[in-house]
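Just dropping this structure here.
Read from first to last, the chains carry the letters A, B, C and D; within each, the first residue is number 1.
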Amino acid sequence: MFENIYPQLIGLCAGALLLTSALMVWRHSLLASIRLLALQGIALAALVAVIGIAEGESELVLVSLLILSVKGIGLPWVLAYQSKASIKQIQESPRLNPTAALLTVTLLTILSYVVVSRVFGLGDSSTGHAAPIGLAMVLIGFLLLISRRRARSQLIGFLLLDNGIATITFLTSGGVPILLEFAFSLDVLLVVLILHVFAGRMRTKFGGTAVDQLRELHD
Amino acid sequence: MNAVIIAVVQVVLFVFLAPVLIGVIRQVRATIEGRAGVGIWQPWRDVRKLLAKNPVRATDSSWMLRAGPVALVVSSLLLCVLLPLVGTIPFALVPSDLFVIVSVMLIGVVALALVGLDGGTAFGGMGSSRHMTVAALVEPTLLLSIYAFSIPAGTSTLSVIVETRLLSPEVIISPVSVLALVALSIAIMAETARLPIDNPGTHLEVTMLHEAMILEASGRDLAWLEVGSWLKLAALLGLVGNLAVPWGVLTDFSALGLAVGVVSITVKVLVLGVVLSVGEIFLAKVRLFQVPELLAGSFALAFLAVTASYLVA
Amino acid sequence: MSLILWIPLVGPLALAGLSLLPGTFALRRFVGVAASSAVLIAGLLLVSAVLNGAVPETGGGMLRADALSAYMISVVGAVGLIATWGGLSSAASSRTKDAASYEALIALFLAAMSLAVLADSIGLMWAAVEATTIATAFLVGHHRTGRSLEAAWKYVILGSVGVAIALLGIGFIYAASVGTDTPTLSWVQLSQSNLGLDPALITAGGALAVLGFATKAGLAPMHSWLPDAHSQAPAPVSGLMSGVLLSVALYAILRIQSITDLVIGPEFLRTMLSVGGLLSLLVAASLLIRQRDYKRMLAYSSIEHMGLMAIGVAIGPAALPSVLLYVLGHGLIKATLFVISGRILKVEGTPLIADVRALLVRRPGLAVPWLIAMAAIVGFPPFSIFFSEVGIIMAGWSVGLGGVVGAALVLLLVIFAAFTRLTVQMTLGPPANGVGFTPDYSAHGPRLPIILALATTATVAFVAEPVGTLLLQATAVLGGSN
Amino acid sequence: MSGIGAGLLLQLGLGALAVLTALTAAPSLRSRAVGILCTLIAVIGFLTGLGAMLGATGGLRISIALPIDPLLLAPDRLGGLFMLIVSSVGILVSLYSMSSTHGPDASRTAWVAMPVFLVGMQLVPAATDSVSFLLALEIMTLGSTVLLLADHASRATVASAGIWYSAMSQLSFFFILAGFAVLAAASGGTSFTNLQEIEPVPANVAFVLLLLGFGGKAELVPLHVWVPRVLPEAPSHVSAAMSGAMVKIGVYGGLLVSVRLLPDGPAWWGIAIMVVGGASALYGILQASVSSDLKVLLAYSTTENMGLVFLALGASMLLRGYDAQAAADAALVAALLLAVSHAAFKSTLFLGAGAIIHATGERNLDRLGGLGARMPVTAAAFGIASLGAAAIPITSGFVAEWMLLQSLIHGGRLDGAVVSVAASVAMPLAVAVIALTAGLALLTFVKAYGIAFLARPRSTEAAEAHEVPPLMQLSLVLGALFVLALGLLPGPIAALVAQTVSSNPSAAVQSVGLGGVSLPGIGAVLDPLMLVVLSVLVAIPVIVSIIVSALRYPHRTVELPWGGGGSRARPRMQYTATSYAEPLVRVFDDVLKPSRDVQVTHVAESRYLVERVRVEQRVSDVFETRLYRPVLNLFQRYGIVVRHIANGSIHRYLSYSFVALLIVLIVVSL
């Protein structure tokens, strides 16, 4: 019974991931982005859980719980850790207008399909079909990094990129050994914390977190 | 041994001949110009007079003012020793190699230039500067014409060259040889400060080269300087004569041959002197900064001579 | 034997903890020195072990020290020692809270780099490399000025994004190993020739991993963080980053290369690394011509040298001994230069080349070592960088990369000229204010580390035994049969 | 260990000792102590080189950490010869510097660099593999750079000279490195000895690269631009060492390539070398002849002499190609003799210039004059060396040029038949170039000697000059004696030199008569001593008569005998060096492109009366202004524009990474 809905489930999760990524590019409100990020974390955790159940690996289920706690709840909470009132006002004014951005998103998605098809060969496995989504998320995350002006929006981009990588690794190789998975998550967590601290310092020093005012160091 | 005898004869002959040559040149010129002239022995008298005066020297002048004239004379005398004028029997170890001869001549040039500078006046420096410039620009013509002469003989040893021309006269009138001879003559005119490069007659600062250098010299210094340049002129004219008309030069030693050689070279030199002075009457001195053009022309001749002798022969 | 492997990890961590304890002001300033000495000693022990044919292993095969790792860990220790010792802070300044965290982070940084070179697993190594970013983030931002904050932000974002790309690549490689029946991330197993890994995956994985680690190695076009971070970090930190962090990333690239060469042959990475190396040289040359800041000048010189090393890696086994020798020479000299630059910055109070004039007349105590180290870094003998460069160039022609090497030489000439000009502007010439000054002969800090570093680089190239053997063994580890 | 090896090791040891002494000795003792050690180093080098030149084998093996052939220092005969040349100059310079150095020239740094420079220079010819060659070369460059910069604190020009010098040396170093790399790649080893046959393409590439590299070391056009800046700015004993010895390393490299590494190349190699050499000779002497700065003059004349050496080298390659063996050997020996004699006279000239500076503090000929009476020894030495530079008989320069000319005029045809059109055009052109060069050299050195040492002093400094200390005089005299010895006994020396390059030396040159030289293959003989004897013989009567008349009519000395007609002829009305060269400047206006500016100040009352006319004429190096400057300015502008790639925007930096990522992705999926 599970076997025949398994592909649908995979497809669903992957679709959710891609959708959330695209929405992140579209929406400019920081709060919305953070919420989307949380959704994406949950979707990723679900994906891992599905794969784990399908492969019958209890280890993967553990991992999915880890992901849920870190990506789904922990990081978004950290990002949103601020009086909701102030965070509502924060509107991103991106360097790239939404239409162009969304068009780029589609292009990047197509590119990732091409690449993955060449690298993995379009195997009949549903995971193989879903894998391009991960690469697309990586590229979209990069796009966010390039196009967002605010520190924490860049942070979100970075996290999106990271989710993408996680998605790919899970879809292609059923995840790396559990110990390393911990290490990776820890690293990401620390990086995000550090960036968060820096963003705080930035606000105290420059009275704002607009990254593109960091132009003092140049040749 | 024979070489020594010939050398001695040549030196003695030319020491006697050189002033006479100058006298002849001046006398011919005077006669053609309709002046009485002073006779061909005047240079002798001048030298004797100068030798019998106390030279006047500047306090700042160095030993160069004394040594320079000697060096000039010695270099000219060496020319008389080395060149095949009377006979073509060279020394074993110092054959009359044309490159050596040219550089021996250059010793005299340098000595004269330094004497000019040593005077410590504007004139001396000016003359010396112009003199050296001309000498520098003449060098290529000189060496290339030598090169051209050396090709048929297969050596740069002058006595051999003269002998080859003696044995096979058709070489002489070959275009190559004619070109080379003309180039060499122009070079020699420049080296010996004759018209059209320099005017030995005047003391006008715009024209002076040679005279400007010896302006500060006096007494025996001046005398030796004059003698030196006269000897040089005579010897080089003798060379041209033997290259153009090698007959009469002594090739294997004999008393009679020696006499013939002496007479023939005397005649050649004096005839050339007459030709020279006649020519100089119809020539005007060119401007200093047209001299390079003249020399460039002669260089072109010499270069043509060499390459032609390769590609024709 | 295998316990030695734990020293460079546990030692620094313990010292880091110590420095965080209250009431350790007196000892605190020596934490960095002690940590790097621990690493150095462990490295030398491992080297001797390796030279005796042993390959220490522990932690269930997670930690492993073959010739290459042993060499790298000693380099980390040596350079760390020079940088920390040379930048030893004054007793007074070490009483603050900042100083504690500073020393602790230095120790942490050393531990992370040691782990990176000792790990026998790409994954663990990746984690360690990322850990170095985490450890150095606050070190770069140590001064808490706006500029250092900016540098730190750029460093962390660019660095971790790059390393994330590497992670993607590693994921592909792992996928390839999953494709075979033995899923693994261990060097030793991945670099067995009979594994039958999927070429397409390895190509993609290798390319992405190299691209990612190239970011940490400061290769163009991923280099952008480097000049800012190096110019803003405290001098010892800049020395450590430029001296070894870059090389550790290069070590990662070497390991990846040893895997891909077996599966898809050297051509692909050779092209990629040649392009990267030449680009780095080009960037360094272009931005050195009219450089204004002497710490940035040193940073770009690091990019240049990493570029040349990358070309050496591209050339392959024929050049690898030179590259490894290069790592040591460049590390020591660059650490020295950064230490001295820190002292110049302290006494002159300006990072601008235009404001530092006639240093040789005014401050011989700083200018003389500065000039000697400069001579060493531009590749004058007897310093070992000369031999490394000559070795790489010669090897390049012998494997048919003549075009690449030739282009590299052209760029190196531009770099040399620019470098000479800038150095001369700083040090030589008559003092501006004419008379009325007394030459300052003090070195403004410990002299011994600088002398040690210069002496080592001047002599190491002539020590055929054991250095030569070690380099050969390390090359052999990477599948080179030179 | 063989004698050669011991000698090399001893040089290294003494070098280290000298460095230590320089670091530790008290300033008062430093110059003496280190100077003596440097002399020792040079003497050891001299002996080692002599041994190697006479065929002693053996060497020194240094193993390094890289897996390439170990460094091997084992000079062959040719290397020995050049070791000899270099170290002879080293002896002169060390002796001289002991008493000449003072102030910054005698600083600790300078004295540390001196032995390094000497040892490096003496070890280059000993190298028998490319890596040790490059090693010694770079050590030499390092030492000379430091020495050059000795005086940086007092003159700002020194620093820029240093930049030029190091950049240009690095350029030639890279050329040489690349050339050796090509050779090593083709022959599978860095050692010179096991070079097997190399196919044409890499051989051509290597030849061009090495020619450029060594041409730069040998100050050939157009890589000579550092010369007129560096040699004048360096302390004089250093310029003497650079021009007398270091430049010979470039010549050695040229010979190494053409004789040992890449023999029997195609004809165009020889022609290329001849063209480069000829151009350098002409351009160098032209610049020298119009220069009024004594040391700049000497610097450019170095370019000229090296040009002649390479001209001879190229001619010999060309002739060997047409197997005109005798002429080829003669040309090669001529090249070596030119190098040897240049080492002798040019180092003496630079030391003499140093003496002048030491005595007057003046380098500018226009402010010198009348030094002959004030510094007789210097004047004599400088004079003899100038004769050598002007290639006047009985000096070293003459023999060499004579031999070169002989080989050229006999090279055109082989037993009656023209060897080739190329040769029959190249040879006359070469002769013409040599001739013009010789003529201009004559003028140059007449000017240098005459203006500096003759006539009346043109400045108070010159008027108050005094002779230099004895040690400096000693080395000057030694140098002059070298010049004379080489000129008077060319036979034995030429025979000795021929052994180093010719398989069958006795066929190339033989020693005849009183140290005379003969070229059997050509049939030309030259015996300077006989020439001297002859001239003495003819001189005797002249001298006698002069003495007689001097006794009878003693000369009078007055302040100003004729004054060229005027009674107010002041010293500053004399011809200066600038005015001396004026005709040449006009003749070669198109080549030299001089910049003149004439300022005429009129008297206030009338514009027809002139109060003062000020003429300034500057002759700059055409290659620098027309070739190097534009390129450098281009680089500067580029350097400013390109800053935008690092404009500080993190978004831009991220997009670099992003684009790189996309490119990689696309590439892997292709």
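Everything that follows uses one rule, which is that a residue touches a chain if its C-beta (ideal position, glycine included) is under 8 Å from a C-beta of that chain, and two chains touch if they have at least 3 such contacts.
Computed from a prediction, not measured in an experiment: that's the story for all the values here.
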item	value
Chain labels contacting chain B and also chain D	none
Most contacted chain pair (by C-beta pair count)	B-D
Most widely separated chain from chain A, with each centre as the mean of CA atoms	B
For chain A paired with chain B, centre-to-centre distance based on mean C-alpha positions, whole Å	100
Centre distance in Å when chain A and chain D are each reduced to the mean of their C-alpha atoms	70
Centre distance in Å when chain C and chain D are each reduced to the mean of their C-alpha atoms	43
Separation of chain A from chain C, taking each centre as the mean of its C-alpha atoms, in whole Å	32
Set of chain A residues in contact with two or more other chains	115, 118-119, 142, 145, 211, 214, 216-217, 219
Residues of chain B touching at least two other chains	none
Chain D residues counted as touching two or more neighbouring chains	643, 646, 648, 650, 654, 657, 661, 665, 668-669
Full enumeration of touching chain pairs	A-C, A-D, B-D, C-D
Residue ranges of chain D touching chain C (in the complex, touch as defined)	62-68, 70, 130-131, 134-135, 138-139, 141-142, 149, 152-156, 158-159, 162-163, 166-167, 170-171, 174, 177-178, 180-182, 184-185, 188, 190, 635-636, 638-640, 642-643, 645-646, 648, 650, 652-654, 656-657, 659-661, 664-665, 667-669
Interfacial residue positions of chain B with respect to chain D in the complex	11, 51-64, 70, 73-75, 77-78, 81-82, 91-95, 97, 99-100, 103-104, 106-107, 109-110, 113-114, 117-126, 128-130, 132-133, 135-140, 142-144, 147, 150-151, 154-157, 215-216, 218-220, 224, 288-289, 292, 299, 303, 306-307, 310-311, 313
Complex contacts: residues of chain D adjacent to chain B	289, 370, 372-373, 390-393, 398, 402, 405-406, 409-410, 412-413, 416, 418, 421, 424-425, 428, 431-432, 434-436, 438-440, 442-443, 446-447, 449-451, 453-456, 512-514, 516, 523-527, 530-531, 534-535, 538-539, 542-543, 545-546, 549-550, 553-565, 569, 571, 573-576, 579-584, 586-587
Chain C residues touching chain A - in the complex, by the definition given at the top	121, 123-124, 126-127, 130-131, 133-134, 137-138, 141, 144, 146-147, 149-154, 156-157, 160-161, 164, 167-168, 171-172, 174-175, 178, 183, 185, 200-201, 203-204, 227-228, 231-232, 287, 291-292, 296
In the complex, chain C residues that touch chain D	153-154, 157-158, 161-162, 165, 200, 203-204, 207-208, 211, 215, 221-222, 224-225, 227-228, 272, 283, 286-287, 289-290, 321-322, 325, 358, 360-361, 375, 380-382, 384, 386-388, 390-391, 393-394, 396-398, 402, 405-406, 409, 412-414, 416-418, 420-421, 424-425, 428-431, 460-464, 467-468, 471-472, 482
